[in-house]
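One structure below.
Every chain is named by a letter (A, B, C and D) in the order it is written, and numbering of its residues begins at 1.
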Amino acid sequence: MYNFRTDLAVERTNLYRKANKLEEIDGIETEDQEINENIKVSRVKITNENGEQAIGKKKGVYVTIDLKDLKVADEDEIQKASDTLSNELKTLIQNHVQSKDDIMVVGLGNIYVTPDSLGPKVINEIDVTRHIIKYLPQYIDENARPVTAISPGVLGTTGIETYEILKGIVDNVKPKLLIVIDALASRSIERISSTIQISDTGIVPGAGVGNTRAEISEKTLGIPVIALGIPTVVESAVLVNDCLDLLIEKMQNEAKSNVYLNQLKEQDNYEKIKDVLNPQNYNMIVTPKEIDDLIENMKDVVARGINMSL
Amino acid sequence: MYNFRTDLAVERTNLYRKANKLEEIDGIETEDQEINENIKVSRVKITNENGEQAIGKKKGVYVTIDLKDLKVADEDEIQKASDTLSNELKTLIQNHVQSKDDIMVVGLGNIYVTPDSLGPKVINEIDVTRHIIKYLPQYIDENARPVTAISPGVLGTTGIETYEILKGIVDNVKPKLLIVIDALASRSIERISSTIQISDTGIVPGAGVGNTRAEISEKTLGIPVIALGIPTVVESAVLVNDCLDLLIEKMQNEAKSNVYLNQLKEQDNYEKIKDVLNPQNYNMIVTPKEIDDLIENMKDVVARGINMSL
Amino acid sequence: MYNFRTDLAVERTNLYRKANKLEEIDGIETEDQEINENIKVSRVKITNENGEQAIGKKKGVYVTIDLKDLKVADEDEIQKASDTLSNELKTLIQNHVQSKDDIMVVGLGNIYVTPDSLGPKVINEIDVTRHIIKYLPQYIDENARPVTAISPGVLGTTGIETYEILKGIVDNVKPKLLIVIDALASRSIERISSTIQISDTGIVPGAGVGNTRAEISEKTLGIPVIALGIPTVVESAVLVNDCLDLLIEKMQNEAKSNVYLNQLKEQDNYEKIKDVLNPQNYNMIVTPKEIDDLIENMKDVVARGINMSL
Amino acid sequence: MYNFRTDLAVERTNLYRKANKLEEIDGIETEDQEINENIKVSRVKITNENGEQAIGKKKGVYVTIDLKDLKVADEDEIQKASDTLSNELKTLIQNHVQSKDDIMVVGLGNIYVTPDSLGPKVINEIDVTRHIIKYLPQYIDENARPVTAISPGVLGTTGIETYEILKGIVDNVKPKLLIVIDALASRSIERISSTIQISDTGIVPGAGVGNTRAEISEKTLGIPVIALGIPTVVESAVLVNDCLDLLIEKMQNEAKSNVYLNQLKEQDNYEKIKDVLNPQNYNMIVTPKEIDDLIENMKDVVARGINMSL
């Protein structure tokens, strides 16, 4: 497969089209929409195996919402972003379940580690209804959908794979669809807390940080899984890689590069840099200085977006 | 059943003995131990149905650890309290499982509500080992016991009964014993954050605050459940009740009481006061002013006590 | 002075009028306004010594904003409450300073104690401008007012009277007006987190909880002080007092009362109950169960209200 | 001045000695001590202008405490580290003030930004005594030293220079010595949360992150200032710089380097990399993944170390 340097379906599609000088790719449908000057939505639908192989993504729908300047967003912009998320979620949910089917919202991550706390924080804001419908039906609209919400914790503090915890709960509570929220490590500095990636193909928790875990998806749990991934950190190697490219470019401009460096710039040096960093045990994460504020704003966007869609 | 005004097995036993002028109660064994001037341990073992009926508690072991002045406790006192808890837990654990059997620690409560956050905070400090034993056995002693830890959240934010969540996880992860930590509403102001109640008969989450929930016990989950209950709040009605008794006593001393008040003092007016308070929707909780510090210190005591016992 | 059982100027005025069967009180002007079904504003202006003596409050303006159901308030209601607060503040500020005069916002209280954390939390949300006007004037509107914001901490953790800290900073930074936010202990359960009291006569920090401290006012600091007081706790004695009244009422209805109790109900037993409670060292506070959520919503209302008024 | 690539007096002294092949430097006295296998102390005393110029540091005492593996430190190691800090502080304090002179502890930084929250968190744990000595002298040893503690906040949230706030408070409260705690941006990844730098020459808040602020020192405040600096983040440019060196080394080993790169490795490219990064507005910080735990442990070490020294 082509080395895409990105996990986003929309970016991979564009790169593939450019590299192969194609207008259209068989098995991939795309659509872009500009909501306003700060919010853009891209939708990619992979419909067959050719599409799957072209960009290395499973059949399904991939939506990317880009939010500019979220860290200084005021109330109106947060509301607009929530509305956008809500609309995309509604469409995806309707593709898979009926209007009164049970939905469980799952917030992955560690409440005690700031950039990883987005999922559990969103869970605290979800309007759960299942217990009201069950015990106090007189207090709720009769068309209300049963909604539940849990934060299963992380392997390092539970000792249990997230998949194992969810499997047990899903088998017992029997929701018809999962919405899973996860804070991701991004391959791009620009996307930190400014992108929401939605897909209906599930998620592999911790996939972004090199700890491969059991997949959370329809295949493993037996019910559709809509995943919301939000980049909140980048790995050290990504930062170094991006800077190295900038440095070589500067050297090229000043005619100080060499063949090796020129080659270096054409490649993805991410793995090479990881090899250099790992033996030093430089187990660092890179975040924006305003990460605490960003997480708060993103929590509002995601929680409201989900609540309105349910 | 005698109206005991207390949930503690040790206090009920003493009241029953006094009321019936008994030295011994058939079916109840008791033992008191003074660890030092700040720490006392009482053990009550109910061995037959007569004991059960006498004090209205199920067959099993009930240990009460009293800690004086925990809010100003220094490092040494916290360590001593942890050691005491650890010893009691070790004994109870050995009664039920083998030294390498899986144990799951469960922290009930809501991390976002200070007096209810003890359970989840303890979970964050538990030394979990199951995932290391499973994926990286070379990094851990071969006699290590698999330990897991989870915070299932509360009905109000999950929409799911705690029992339902635990049932699913227990069926899937298959621990041999649960240790459940719960912050209780106390019937006594003096016991707030100064008492740890341990028993091997399970727990009914939220039992203390009038929201009866499905029991978490060997009967419902199929494995032994050791419960650690720590009072962190009192209900409004308890405070009013205690004060009313003090007020009537003062009125009696000043010869201003009447027959009705004298009767009032002999009864437990808790239910009557709740009836008066409820229509006003006075949904208040009463905590010590130092509740944040108390929870921090108690978290250290409980987390260390559990870690040392496993 | 009449024993008012309340600290609010508006309630004292009404009680005084009723007790003395007056339509008007010389030296007191009042005005009520209903913003919508959930928000009410009362304004009391004390203009002379007769007014001061009648209700035991210093000359000045006292505004009370009542907010219903803040704990379940949605975004629109929070915004409406902020707008109301902002309008009242603007009027008061214009009474005392010019549109470009420096204003310092002061958040009293302890960030580590939930019901006392409102002030410091608001400070974190204030849009400060003084440093931008001073160092980066090109990035800010030339009519912007210099705004600063500080949390001086509490005597128990600083060892310094709040007044001493503020005196030093005010002398050095030289604002023209202070806005001081304080979480109060209320004499009424109903007012918890549903009332904002605004006055331009300053504040005595900790006045509500029995720890009298040096006054923060124009008299002591030399600049006008607008105080925002928000009740977040009640003392134990208030709860017991309110319940006792309800109990006696019930006893009267059931013809079980006596002369002493009937008298008791006519008096304010607050001090008597405090006398009974104090020797027991029942140093408890009473809060609504939803105190954490209430503080978050009130923080948004107060921070936005202040930001819009500056 | 020699480009030292480090701010630490001890490292500069060693580099200067090596570069100039000196055994001793006139005006600099050094001493190293190994407390145990995890704790090392280096003391550098600059006694004259020659020493000042050699390593670019003002006359005074500079102590560096190195703590290995603090993130997994148990209770004993935290206590040992506190003892070490306490001993060094005691010596420095005795050099400047008498045993009953007032001391004010100042925690710089922003409580709402995890890696910057160390200072305010330590302040919450300081045993303040001034108010007890003043109001309740019967409850405290008559030889107790008056201790106060404040968190002045940061320019971005207060709008006021830290120096201005402290100047006002110091002039009003009149302590005889300040102990200032600051979380630093480090020039070295290894030193993150594993080093405490102590000196009696004051501090420039935010000096490490490119926001030069007014100095906090005896020169500006009129009383001696002991500064405790603890690295908790590194800047992006430091990470890239360190990796670039490692990458070039690898290229040299594989004979793929060139003259330019070889030169690059001899230089400090920190400023060059910052030039490349800045136009991209990559305002990122780099922290260890375990930063929340590290801050908690370091808070315990520093708070206990200070409390024992006072």
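Just so it is clear, contacts are C-beta pairs under 8 Å (C-beta built on N, C-alpha and C of every residue); 3 or more make two chains touch, one makes a residue touch a chain.
This structure is a prediction, so every number in the text was calculated from the model and none was measured.
Asks: List every chain that touches both chain C and chain D.
Replies: A, B
Asks: Could the interface between the copies chain A and chain B be described as same, meaning over half of its residue numbers are common to both, or is it different?
Replies: Answer same: the two copies use largely identical residue numbers here.
Asks: Taking the mean of the CA coordinates per chain, how far is chain B from chain C in Å?
Replies: A distance of 38 Å separates the two centres.
Asks: Quick check: how many Å separate the C-alpha centres of chain A and chain C?
Replies: 44
Asks: What is the distance, in whole Å, between the centres of chain A and chain B, each centre taken as the mean of its C-alpha atoms?
Replies: About 41 Å, centre to centre.
Asks: Can you pull out the residues of chain B that are in contact with at least two other chains?
Replies: 112
Asks: Which of the residues in chain B end up touching chain D in this complex?
Replies: 75, 79
Asks: Can you tell me which positions in chain B touch chain A when the two form their complex?
Replies: 111-112, 123-124, 126, 128-132, 146-153, 155-161, 164-165, 167-173
Asks: How about chain A: which of its residues touch chain D in the complex?
Replies: On the chain A side, the touching residues are 112-114, 189, 234, 236, 239-240, 242-244, 246-247, 250-251, 256-258, 260-261, 272-273, 276-277, 280, 282-289, 291-292.
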